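Each of the next two complexes has chain A plus one other chain: chain B in the first, chain C in the second.
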Partner chain A sequence: MSLADRSLKPTMQTANRPKEDQSLLARIMKSKYLYLMVLPTAGLVLLFSYLPALIAIYRSFYMWDGIRLDKFIGFGNFSTMLQDPVLLESIPNMLKLLLFSLFITLTVPLTNAVLIYRLAHARMQYWLRVLFIVPAVVPSVVTILLWTSFFSSDGLINIILRAVGLDTITRAWLGDPDTALYAIMGVGFPWAGGLTMLFYLAGLMNIPESLIDAATVDGATGLRRFWSIELPLIMGQVKLFIILTIIGGLQNFSLPLIMTDGGPGYSTMVPALRMYYAATQEFRMGYASAIGLVLFLVIFGLTYVNLRYIRTTVEFEAQ
Partner chain B sequence: MSESRGKLNRRGFLRLSAVAATGVVAAGCVPAVPTAAPTTAPDASAATAPASEPVAPAGLAGKFTWGTQGKWDEKTEAEWETARLANQLMKKWLEKQPEAQIEQVPIAGALNEWIRTQLTGGTAPDVTFMWRYPDIFRAEWWLDLNPELDKKNPYSTNAMWRDDFRSDILEYGLAEKGELILLAVTLKGGWGQVAWLYNEDMFKKAGAQVPKTWSELLVACKKIKDAGMIPFYQGAGGDSAWMLDWLFSLVFDMLAEKTVLPKLWEHIDPTDKWKPGTPPSAKQMAHALKTGALSVKGEEFKEAFKIVKDFSQYWQSDFLAPPDTASGDWWTQGKVAMRWAGMWDIKPLLNEIQPAFEWGTLLMPSITSETSALGTGAAQRHLGGSEGGSARADLPFMVPKTTLDKPTLPLVLDFMQFCTAPEQIDWFNKNYDPPGYEPGTPIEQIFPDEKKRKAYQAYYTDVEGRNGVQPLSALSNGANKAQIAIMQNYLGDKLSLDQALDQLDQAVAQELDKVIAENPDWNANDWQ
Partner chain C sequence: MRRKITVKGFASITWLGLMLLLTFYPLFFLLNVSFKDIGQYTQGMLAITFPLHFENYGMAANMLKDYTLNSIIITVASLAGLLLTASLTAFVLARYSFPGRNIIFYGLIGLMMIPSVLTLIPSYILTIQIKIYNTHWAVILPYIAGGQAFNVFVLRTFFQGLPEELFEAARIDGASPLQMYGRIALPLSTPILSTLAIMHVLGSWNDYIWPATVLQSDILRTVAVGLVYLNRIGSFPDPGPSMAGSVLASIPLLLLFVLSMRTFMQGLLTGALKI
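This part shows the complex of A and B:
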C-alpha cells in the first residue's frame, strides 16, 4: 500500500456525502432522527459553553462586579490591561512557561514513543506503554502537592543536593523569586507525558511496515529514519499537540495557583491567574472577561497560524 | 512547613478574616448611632423593663435554609464554639417550633466569594452566617431589619426587639446609610482574636524572656536563634502570605496610633455612618487616601516595612515559600518558639493537641521609642472581636433581600428573634468557651486553672479601646494583594525600601481610582 493509498480520500466519505441537488431542508428531513438525537447535546453545549463565552465578550465592555455594578465603559477594561502592572509582569512568565511546555511536548514524549516503537519485543512494548500511562491515574492536584513538597527547604530536591555535596545551591525553590518559575517548570520531571507519548506511538504504529522496510533497504536508519520517514508521517499528532500545548499554556493557571499563589511577588503570576483573581477576589468580572477575551484571541490567532502554516505530510498527500 | 505548620490554615484565615472584619466597639467610647441604635439599651441584661411575658408564636411551619460556615458537624463543634452553640440553639428553637425545619447549607470556601455567587444567581439561602466583609456589606443586597426591630420579640420581655441588643452590637450591623443588615448575638467581655503562641521551654533553654516590647522581642529572638532554634514562624508565601498583612497592619497600627489614625477618625466623610473604632469601610479608607489623611508615602508605612524586614531575620529560612503540608505544625512539634494563633486555635491545643511543652500566649510586643521614633508603646490591637472589654458580636445573621418575597421570612425572623433574646444570649455567654464576662472581671476569676489562663491570657482584653486597622485590605482585595506581593519582593531583596514604597504607592493610587470609579454614589469628587 502506497502513501497515496492511505490518503484522506476514502470512498466511504464520498459515499456519505449528501447529494448537492437536494435542498437543505430535504437533507435535514432525511436525517431528522440523527438531528433530533444530537439536538440535546448541541443545545447544552450552546447553553453552557457558547452562551457564557458570548456573555463574557459582551461583559468585557462593562464595569461589572457580577451583581451591583453594571456600567458600559467601552474599551475601558482593555486600556486598564495596558496599565495593570501585575498583568504586564505575568506575560513574560506565561511565555517562558509556554515555550518550555512546547519544547518538552515536542521532545521527551516523542523520544519515548520512538524508542518504544523501535523495540523489537512486542511484549516489552506493551509493558512499557503500561508503565508510562499508569502515572496518569494520579490526580494532577496530588502530583502538584507532591512537587510542592519536593521543592520545600527540607524537600526531596534539597535532600538529594545535600547528599551529593551541593549544599550551597539548596534553597526554598518556590520561595525564591529567581527560581520559583523554573521550579514550576520542573513539575512532572522527567515529563514522560503518558498520553502524549501514546498518541505519538499510535501515529508511529500506523506507519506501514512496507514503508519502513523500503526506507531501511535504502539505508535510512537511526536519526535519518526519524527525520525523513517517522516525523513527517506523525506531523498530524505533532500539530495537534502544538495546538493543545498553546491552548493549555495560555489558559492553565493551576500550577501557580496551587503551588505559589502567583508569588513570591509576581514571579509566577500568569495572565490566566490574574484573570481568575480579578474575577474571584477583586470581583471585577468585566475586567476578568476582558482578559479572557484577549487570551481567547491570542489562542485563536496562534491556532490559526499553526493550522495555516504547519502542514502535515498526510494532509499534503490527501490533496 | 505547612498550613498546619502555621496552623492558621485557609479556613482559619477565613474565620479570622471574618472576625477581623467583625470588630465590635467599646461600648463607652462612642455615641449611639441615631438611625438605629437606642440610646438607652447599653446591655441586654440591663434592657428596658418587661412589657409582657415572652410568648413564643405557635404554629410556625415550613423549612428555611441557613447558610453556615462549613458543615457544622461533630468535628466542627469540637473545634469551634460558635458552631457548637449554634447547633444547640437550633435544636432548642426546633423544640419550640416542632413544625419547622432548618436546612443548613454549608458554605464552601471563602464566605464572601460564595455569597456573592449565590446572590448573583438568586440562590442565596434564606438567612446566612455572614460577617461584615467590606465588599459584600452593601445595603442593596441585604434586608434592612430596622422595621422588624421596632416590633416586639416574642421570646423577650422587652417592648421592642431592638431593646434586646447592646447599642454597639446594633451599630456593628449598620450599613452606610443606617440600614441595619446584620444582627448578631452579644458575647460579653473582651476576647481578642489574634495573638502569638510561645514555647516557654524554648525560651528557657535559650535564656530568653517572654517579650513585652519590640526591642525585647529582638533580644529574645537573637538568643533563641543563637541557641540554634527558630524564633518565629511567619507565613509569607503561597496561600499563607495573607499572614504578612496581619503583621504589617498591626505594626502600622501601633506606629500610626498618634499620627495617622487620629486624622483618620477626624476626617470622616459626613455622609457615612461609619464610626471611629469600628473596622474602616472601603469608602472611609478611600476617603482617607484621597484626602491625604493616609498616605503610603508616609513615615508609618516606611517604618512598618523596615520593622517587618528587620524581624524577618528571625523567621524560618523559607518564609517566602508556600507551606509544605507534609511537615505539620512546627510550633506544636517544638521547632519554632513563636507563631501567630487565632483564639479558635486555643481550644484544640488545650484539649486535643496538648503540646509536650509549657506554653502560653502573648500579644505582639509593643513598639516603643527604643525601636522607632514613631513608637508609642501602644498595646497590640486585636483584629476583630472586642477591644473594649465589653462585648463582641457572634453568630452573625444576614438576610438576603431575596428572602423578602419568600414565605420562609417569618420562620427566619422567628429563629433570629429566638437566638438573640436575652435568655438565649445569657445561655450563650455562660456556655461559650471562653465564657462571656462582665467588664472588670479578672481573668483569674474566669480561669482559676493556670494552664487555661496562660493559654487565653493574650486574648483577654478587659480595656476600652478600638480594633486594629488593616489599612489596605480595608480599601480593596486588590490593594491588599498588591501590598503582600510588593512586601514579598522587598523581603526577598528584589526591591529596595524606596522601590517597594514607590511601587506600593502606584498600586494603591491605581486601586483607589478603580474603587472610586466603581462607586459613583460616593461622589468622591466632592471629598476634600
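This part shows the complex of A and C:
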C-alpha cells in the first residue's frame, strides 16, 4: 500500500529504454500486447468496483428506486438520515458492538499470542497455533447458526443456567430486546480470535532473539517484559487490527442479518443493515447509497487518521 | 527461580488449554447433535447418545448437494478467473514499462480504499442492469474484480523479485511477453499462487451477504446461503439433520486446511494484510 513505485527494480524495458524521440503514440503501439494482457483486470475493475463507487456517490443525491423513480433531491437523502428513527437508533448499537470487538481484539487474542510465544516447547507452539486456527476455517454462517441455537429458549445457554440454578434469568436471548444485542456480542465466545492471534504471534516471532535475551539478563520478565519489549515491538500489528476492527465494525452486518433481522424492534439494528433493508426491502436505492456514502466517509476519515500506523506495520513486515 | 518459571508455565498451559476447550466445545456440540434423533436431542442434548443416526447426514447431504455444487462452480470459476487475470496484470506491471503503467498500478491500489459497504447497493443494481442478476455470473465476476487489487499487489511484488537473467535468453530468442509469462514467470509462482488461492477459496466459500443478495432462485444458491435459508424456513425436521448440514458445509474447507496446513497458515497471514 505504502510501497510506491520507487521500489521498482530495473525492468527489461529500462534495459533497452525506448529512445526519447519516439512519440507517445509509437510507444503505445509498441506496447499493444501489454495493454491486451492488462485489459481483463482493467475492464472488470472499472465495471464492478469503480463504476459502483461512482454510482453510489452520484445516486446519493437522488430519490431513486433503481427502475423508474429518478429525481434529483440535492442533500435530501442526508437530511432524511437525520430524521430516520431506525437509523438513529442503530448508531448506538453499532458503537456498542464496535467498542466490544475493539476490547476483545486487544485482550484475548493478544494474551493468547504472548502466552504461546513464551512457551519454550517449539512443537507445542506449532500445534497450538494450528488448533487455534481451526475455528477460523469453519464457515461463519455455521458459527452464526450454531450460536443462534445456543441462545434459543431451549438452547445450550439456558441448559447451563438451569444446571447452576439460575432458572430465573433464562429466556430466548435473541428474542428479548434487552439482551439481543449482548447475545450477538457473545457469538464466538471465548473469542480466541484465531486469525488475529496468528498475526500477533507472527509479529512476536519476528522480534530478534538478542533483544529478548538482553531484556531477560536485565531482569525484565513477566508483565514487565510484555509492556517494555513485546507490546512496543508489535504495536504495528496492534494498530493494524484496531483499524481493521473499526472498518469491520462499521460495515459488517451479517450477524444481525442472520440472527435477528435487526430486531426485536430495532434493538440489534446497525446502520449497514438499515442501508441493506432500505435497498432490498423498501427499494430506496438513493437513500441506501447515501447511507453507504456516509459510512464510507467515516471509514475513510478514521483510516486516514491511522494511515501512519498502517505504514509502520508494512515496514515491520518487510524486515 | 526455576520453580517460579515452572509454575508460570503451568498457568499458561492451563489458560491456553481452557481457551482451546471453550473454543472447541461448540464444534464438539455441533458434531454430537448432528448424530441425534429428536428424542435423543430433547432428553440428552449434551450427552453422547447411541445409536448414532448417520441417516441425518444422508438427509442433509441430499438437501445440500445442489447448493454445494453451486458453491464449487462459483469458487472454481472465480478462482481461475482471478488468478489468471491478476497474474497477467501483475507480470506486465512488474516487468515492463509503458505509458500508463503507473496510472493502472495506482488505480488498482486505490481500490483497497473502497469499502464494500459503499459499493454493495450500486453493485446489486448494476447486476440487474447488465442482466446478470440471479445468475452465477453475478457472483463470479464481482469476486474476480474484488480480488484484483490485493492479488495484483502481491503477485507484482513476487514477479519483481525474479532475476532478470531468467528472461534474458528468452527475450533474445524473440519470445513475446505472453510467452515469457506462461513459460517462465507462471511456473515459478506456484507457491504464491497457492497461497492466494487458499485465501480466495476461504473467502468465496464462506461469503454470505453478496450471494444472498444477487442469487434469488433456490437452484442457484451457494451452500452458505442455502444452509441459512433452510434453517430459517424450518426445512430441517429437527436439530440433528440441521447440524449435520452445518458439519457437511464445513468439511471442504477443513479438508483443505488439513491437506495444506503450512500454505494455509501462510495464506491467512498474507490475508491479514488485506484491508
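Here, the second predicted complex is superposed on the first by the 264 of 319 C-alpha atoms of A that agree within 3 Å, B and C clash if a C-alpha of one lies under 4 Å from a C-alpha of the other, contacts with A are read in each partner's own complex, and residues count from 1 in each chain.
By definition in this document, a contact is a pair of C-beta atoms (placed from the backbone, for glycine too) under 8 Å apart; a residue touches a chain by one contact, two chains touch by 3 or more.
These numbers were taken from a predicted model, which means no experiment stands behind them.
With both structures placed on the common chain, the touch criterion links A:Y117 to neither chain B nor chain C. Within the superposed three-chain model, A:F61 lies out of touch with both chain B and chain C [touch as defined at top]. When both complexes are overlaid on chain A, the residue A:T280 reaches chain B and chain C alike. Once the two complexes are overlaid on the shared chain, A:L293 sits against chain C while remaining clear of chain B. By the touch criterion stated above, A:D176 is placed in contact with chain B alone, chain C being left untouched. In the superposed three-chain model, the partner touching more residues of chain A is C, compared with the other of chain B and chain C.
In the superposition on chain A, A:S149 makes contact with both chain B and chain C.
In the superposition on chain A, A:M259 makes contact with chain B only, not with chain C. After overlaying the two complexes on the shared chain, residue contacts for A:L69 are found with chain B alone; chain C is out of touch.
Looking at the shared chain after the overlay, A:R129 reaches chain C, while chain B stays out of its contact range. In the superposition on chain A, chain A positions 66, 145, 149, 280 are in contact with chain B in one complex as well as with chain C in the other. Across the interface of their complex, chain A is touched by residues 8-9, 12-13, 15-16, 19-20, 22-24, 26-27, 29-30, 45-46, 84-86, 88-89, 91-100, 102, 104-105, 107-109, 111-126, 128, 130, 141-142, 144-146, 148-149, 152-153, 157, 160-161, 164, 167, 171, 176-178, 181, 202, 205-206, 208-209, 213, 223-224, 227-228, 231, 239, 242-243, 246, 249-250, 253-254, 256-257, 261, 264-265, 268-269, 271-273, 275 of chain C.
For chain B in complex with chain A, the touching residues are 1, 113, 116-117, 119-120, 135, 138, 140-141, 237-239, 241, 316-322, 324-327, 476-478, 481-482, 484-486, 488-489, 492, 494, 503, 506-507, 510, 514, 517-518, 520. Across the interface of their complex, chain C is touched by residues 1, 3, 5, 7-15, 17, 24, 27-28, 30-31, 33-35, 37-38, 40-42, 44-45, 47-53, 55-56, 59, 66, 108, 111-112, 115-116, 118-120, 128-147, 149-150, 156, 159, 189-190, 192, 195-196, 198-199, 202, 222, 240, 243-244, 247, 250-251, 253-254, 257-258, 272, 275-276, 279-280, 285, 288-289, 292-293, 295-296, 299-300, 303, 310, 313-314, 317 of chain A.
Residues of chain A touching chain B in their complex: 63, 65-69, 71, 80, 83-86, 145, 148-149, 151-155, 171-177, 259-266, 277, 280-284.
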